[in-house]
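By written order: A, B and C. Residues from 1 in each chain.
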Amino acid sequence: MSSNGNGRFVAVERVTKRFGELEVLREVTLEVPEHDVVCLIGASGSGKSTLLRCINLLEKVDEGEIVVDGQSLTGAKVDVNALRRKIGIVFQAYNLFPHMTVLQNVTLAPRKARGLSREEAEARARLLLRRIGLEEKANEYPDRLSGGQQQRVAIVRALAMEPKLMLLDEITSALDPQLVAEVLNLVRELASSGMTMIIATHEMQFAREVSDTICFLDGGVIREQGPPDQIFSEPKEPRTREFLARVLAAGRM
Amino acid sequence: MHRVLHAFVDPFYFRQSLPDIWSGFVLNVHMMVIAEALVLVLALLIAVVRGLPGRGARPLRGLAIVYTDFFRGTPLTIVAFVCILGLPGTGIGFLKNVSSTALGIVALTIVYTAYVTEVYRAGIESVHGSQRMAARSLGLSYGQALRYVVLPQAIRRVIPPLLNDFIGLQKDTAIIGAIGVTEAAAQGTNFANDYFNYTGYFVAAVFFVYLTIPLARFTDHIIRQRELRERAAGT
Amino acid sequence: MKRLLPALAVAALVAVPAAGAQRQAPPTMHPGALTIALNPPAVGFQVGTLRGNDVTNPSGFEVDLGKDIAAKLGIPAAKISWINVPFETLFRPGAKPFDFAFEEATITAARQKVVDFSTSYFDANQGVLLSKSATAPHSLADLAKMSLCAQSATTGLDYVQHKLHAKQVHIYTTTAAAFSALQVGRCDAFVMDVPIVASQKNTKPSAYGAVAGQIVTNEQYGAVLSKGSKLTPLVNQAIQALTKDGTIAKLQQKWFHIDVKAIPVLK
């Protein structure tokens, strides 16, 4: 899981983001070495999703800098599409394309954005689908799949672009409890294969297992950052302790 | 009452007027088919222009807005007169050889493109933003996301109002009859002026209805198909 | 006896005008007033401004004729309402919203089944007006091959469709539209009553080609009234009187400056 970081793969420096008057992110600073997994924890509205969306340029930052794989996201003249091909993101609501089959969902971007031929894209897609045991669903439409299956297809759809960084935004929060495990297993596999990931999640046990660093966000600010053992066993900040106590009480740990 | 019925639905005049009304109706079909095809394509173009992001596209968006506002607000009759009697009078050489029927198609296309643009736009806006967001996140460009993800969904959603507008277009081809194109309704008028009987109009109406029924059933079929297939899970 | 005579004289003085007044009130829609339908513009015959359903400031041959007939009926010009009634609707069955209509309407047997016509007040043939770019026809056979404009519900349209059997006919619902169509070259020739096309050519000579000729159809114009109107015999009387005393001939000279005899006849 953790490895000798090959330098900073993702560097977020003093990023501030406002929606009108409201400061959703304030002076957020974060470093993610390559192959590392960072989990963002915190209450809803604490800025986890916004931070992820800033990293793949779905949102523009108001102040600060973000650098991914040596490329600045916040400077002028950013090739947004090229950057997004390197960064995969999976959302809480899966967002599969309902008018396309599973196979078409997975091959669309490799064919149109990467220029792969149809045969090549389909071959790769089938491989990925086989890995998650959903190859026989290749010609089904998303509405025939369970939530867990759809989310795993969404992950595979992002992986088909061979990204160097994966951003996962609370990908199990909308799932029935019994479907959560299959998705988390897939993420564990990804982590052990060395994928650099930033994961926003409510699944504390999972976060503890899989991450190299935990970031606790509270009100748009990183209150505490550190290795999972430290954060979960000996949190330094009072807000962190409050949060973890609530989570424990809710039985999610 | 009996007399009213005979003035509008007389079997003898029905047969008498049939050949002329039919020859007129062929013109209606000609106009509607060509206009519909043009409208489908042009309106999609303008709807896409209307949605282009960024400062640079502002004049284009403005033009699209002016166009749709103006031609949705102007009666087809006026546009038709301008096209059929006005345009050839401008002295632009080749227009002299363009038939009134073709100019009628131009008028129908101009007006109905404005309506259908708004239909497409509503469809595009009804596709949840998360779809475009997901497509862009995969590295697809604005145009690719539009073409492969947003538009296919948008168009499927607006098939009923689209077909509704086309039924309107089909009937409105009759308006061109006042300006030198002797389509079915004008033939009905001609018949009425010669025979003092209005059954010709009834025959024309039958032809029109006969054409719109398959279209209405086709719409129902498409809606049913879509409902069966695309109950998308998750937003 | 002395007192009776003045009384009788007074009675006589009162009775005569009273009886005369009763005799003179014609059976119009609104007693004491007259509603005349027009459909301008037709150069020479009638022009006027359309305001809603009314024609204000009407003038022309048919307008003067209407006023003269009103005078014969005992109705002053100030009591005439001039309304606009589209030509197409004249011969539709049903009650008319006017007492009589002057719209250069040709008397035909078919039309007489649904409306009353007055005695004729004008004779006319069909005329052929060319567009600027058309070649002149030398015969009716030539004419039949040209693309023609005509107005809906007119005898001109009836002629080109059913007697000439022209192949290309463009039908317009108003005279103005047909003249516009001719002007922009939608057709090569417009077939319509000679006085109308000739007068229009005089008014706008550069908009059209020549008056190519006339077609002998021996049409007669009559005023249009509701079928079985009680006014018909009175109007007929008036027109006959005006013909006999030369008024109509004088009006024709006043309003029309065309020499119909000079227009060649197409055969």
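Note that a contact is a pair of C-beta atoms (placed from the backbone, for glycine too) under 8 Å apart; a residue touches a chain by one contact, two chains touch by 3 or more.
Note that the structure is a prediction, hence the values are computed from the model and not measured.
Among the remaining chains, not one touches chain B and also chain C. A summary of chain positions shows that the Cα centroid lying nearest the centre of all protein Cα atoms is that of chain B.
Centre-to-centre separation of chain B and chain C, using mean CA positions: 41 Å. A separation of 86 Å divides the Cα centre of chain A from that of chain C. Chain B has its Cα centroid 47 Å from the Cα centroid of chain A. Chain B has no residue in contact with two or more other chains. Within the complex formed with chain B, the chain C residues making contact are 88, 91-93, 110, 113-114, 149, 152-153, 157-158, 161-162, 169-173, 177, 180-181, 183-187. Chain B contributes residues 7, 81, 84-86, 88-89, 96, 100, 178-182, 186, 189-190, 193-194, 196 to its touches with chain C in the complex. Contact residues of chain B toward chain A in the complex are 130-131, 133-141, 144, 148-149, 152-153, 156, 229-235. On chain A, the positions that touch chain B within their shared complex are 56, 58, 80-82, 84-85, 87-89, 91, 93-99, 108-109, 112-114, 141-143, 145, 147, 150, 157-158, 161, 174.
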